[in-house]
């Protein structure tokens, strides 16, 4: 069973655009913020590695979010490979899903080559999908 | 045949992250900037409409971009519907594709309902795929 | 006596730059986020007004913040005028001040002219410096 | 006499907020972009240094900028010290100054201590105020 990590956030002016809604690019940033709030130092690169790098992401926008709206980002790990991790993140306001991000990240070493996840990170992630 | 719109940009500190590369969320913003440089006022909402809103996007990251790198965003319209538009945008550095964004946007009226593209915008877009 | 509003935040990749520290421009955004968390809907424009707009800001950077650092933004109102408000915001990590923002905002009507603060907002702010 | 470096930019959705104008925090980013366009690789840190870091900035907002507006950032060096540099940057639209940023940056070594500007950077800057 997948664990769900909830991250609460509010829409500030910085997140909005002249259309009066949350800027579509901001979802990507806030999703990353939610992943960091969940993994924290466990997600940081070791040695001189570049670290976790997003390879692929898909974002579906279903309902707009507005200035001062409060919402929750629900993060689930959907797959863990030797050198990569796949996640799904839902933006939920008052129980309604406003957007869904799915993505895959790889762990890169100091010269930008994909390598096995550091032990500590692998251990943390292994715990997520049991 | 599809027209290609080229938009030149450089990586500033604002675009980078502590991994030493362009932040993955920034591609989404710069892609929007390239679309605005191409469409300009033709993309702006009329009356009190919300305007063009991204419904769906997919971003594939292939090669990292670094501080001070110069690159070109190549934008192509891949489909124009009555109320929506699909595009493909390639991030190209020295002839190598570093990332590809594909996405669909809908035009929303003042209450957030998808409606037909304004005549002017539809006319501009019709010209893109002939 | 001035009330102090505390807002807790963490440094994500989105906030950092290739220098390995929090990007200097991000402090401005996070300060705004802290003000929104404090004022919320009370800060929103009424009718078709543009609303509160920053006229002037000064930011002093004293100690860098790093990826995954947790810090608190402490917000104080330092002056309330008929049409403007001055604030001070400190970025504090482990009791040490890392940066200080001071700024003034005016309230603009629908044509961008400074006008008296809406009653509700004025009332909320009057309470801050007693 | 001071040299003036001009950087042309346009307001995209990414730069705006729900007030319908360019977000106040974006000026700081775009100012940095203008400095990078001017200095480019000459501004990059050498060895493992952190590099140029903003210590202090003041931003005055005089006239709003709107979606699709074109403007120029005019950058001047106002002082060059052994380990720091002061600049002034004006945001100009159709000959009217919309905002002015003044700021000071220091050059930090790998442990975050201010040190003399690298020779190459010092040489480039010395040329600016003659």
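Each chain gets a letter, A, B, C and D, in the order it is written, and its residues are counted from 1.
In the analysis below, a contact is a pair of C-beta atoms (placed from the backbone, for glycine too) under 8 Å apart; a residue touches a chain by one contact, two chains touch by 3 or more.
For clarity, every value in this text was computed on a predicted model and none was experimentally measured.
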Exercise. Looking at CA centres, what chain is most distant from chain C?
Worked result: B
Exercise. Whole-Å distance, chain B centre to chain D centre, using C-alpha means?
Worked result: 26
Problem set entry | Euclidean distance of C-alpha centroids - chain A vs chain B, Å | 22
Exercise. Which chain D residues touch at least two other chains?
Worked result: 13-14, 19-21, 25, 29, 32, 67
Problem set entry | Overall pattern in which the protein chains touch one another (line/ring/star/complete/other) | complete
For this session: Please name which positions on chain C make contact with chain D in the complex.
Result: 19-21, 24-25, 28-29, 32, 45, 50-51, 53-61, 64, 112
Seminar exercise, completed: In the complex, the residues of chain A that touch chain C are 10, 12-14, 29, 32-33, 36-37, 40-41, 44, 67-68
Exercise. If you look only at chain B, which of its residues touch chain C in the complex?
Worked result: 13-14, 16-21, 23, 25, 66-67
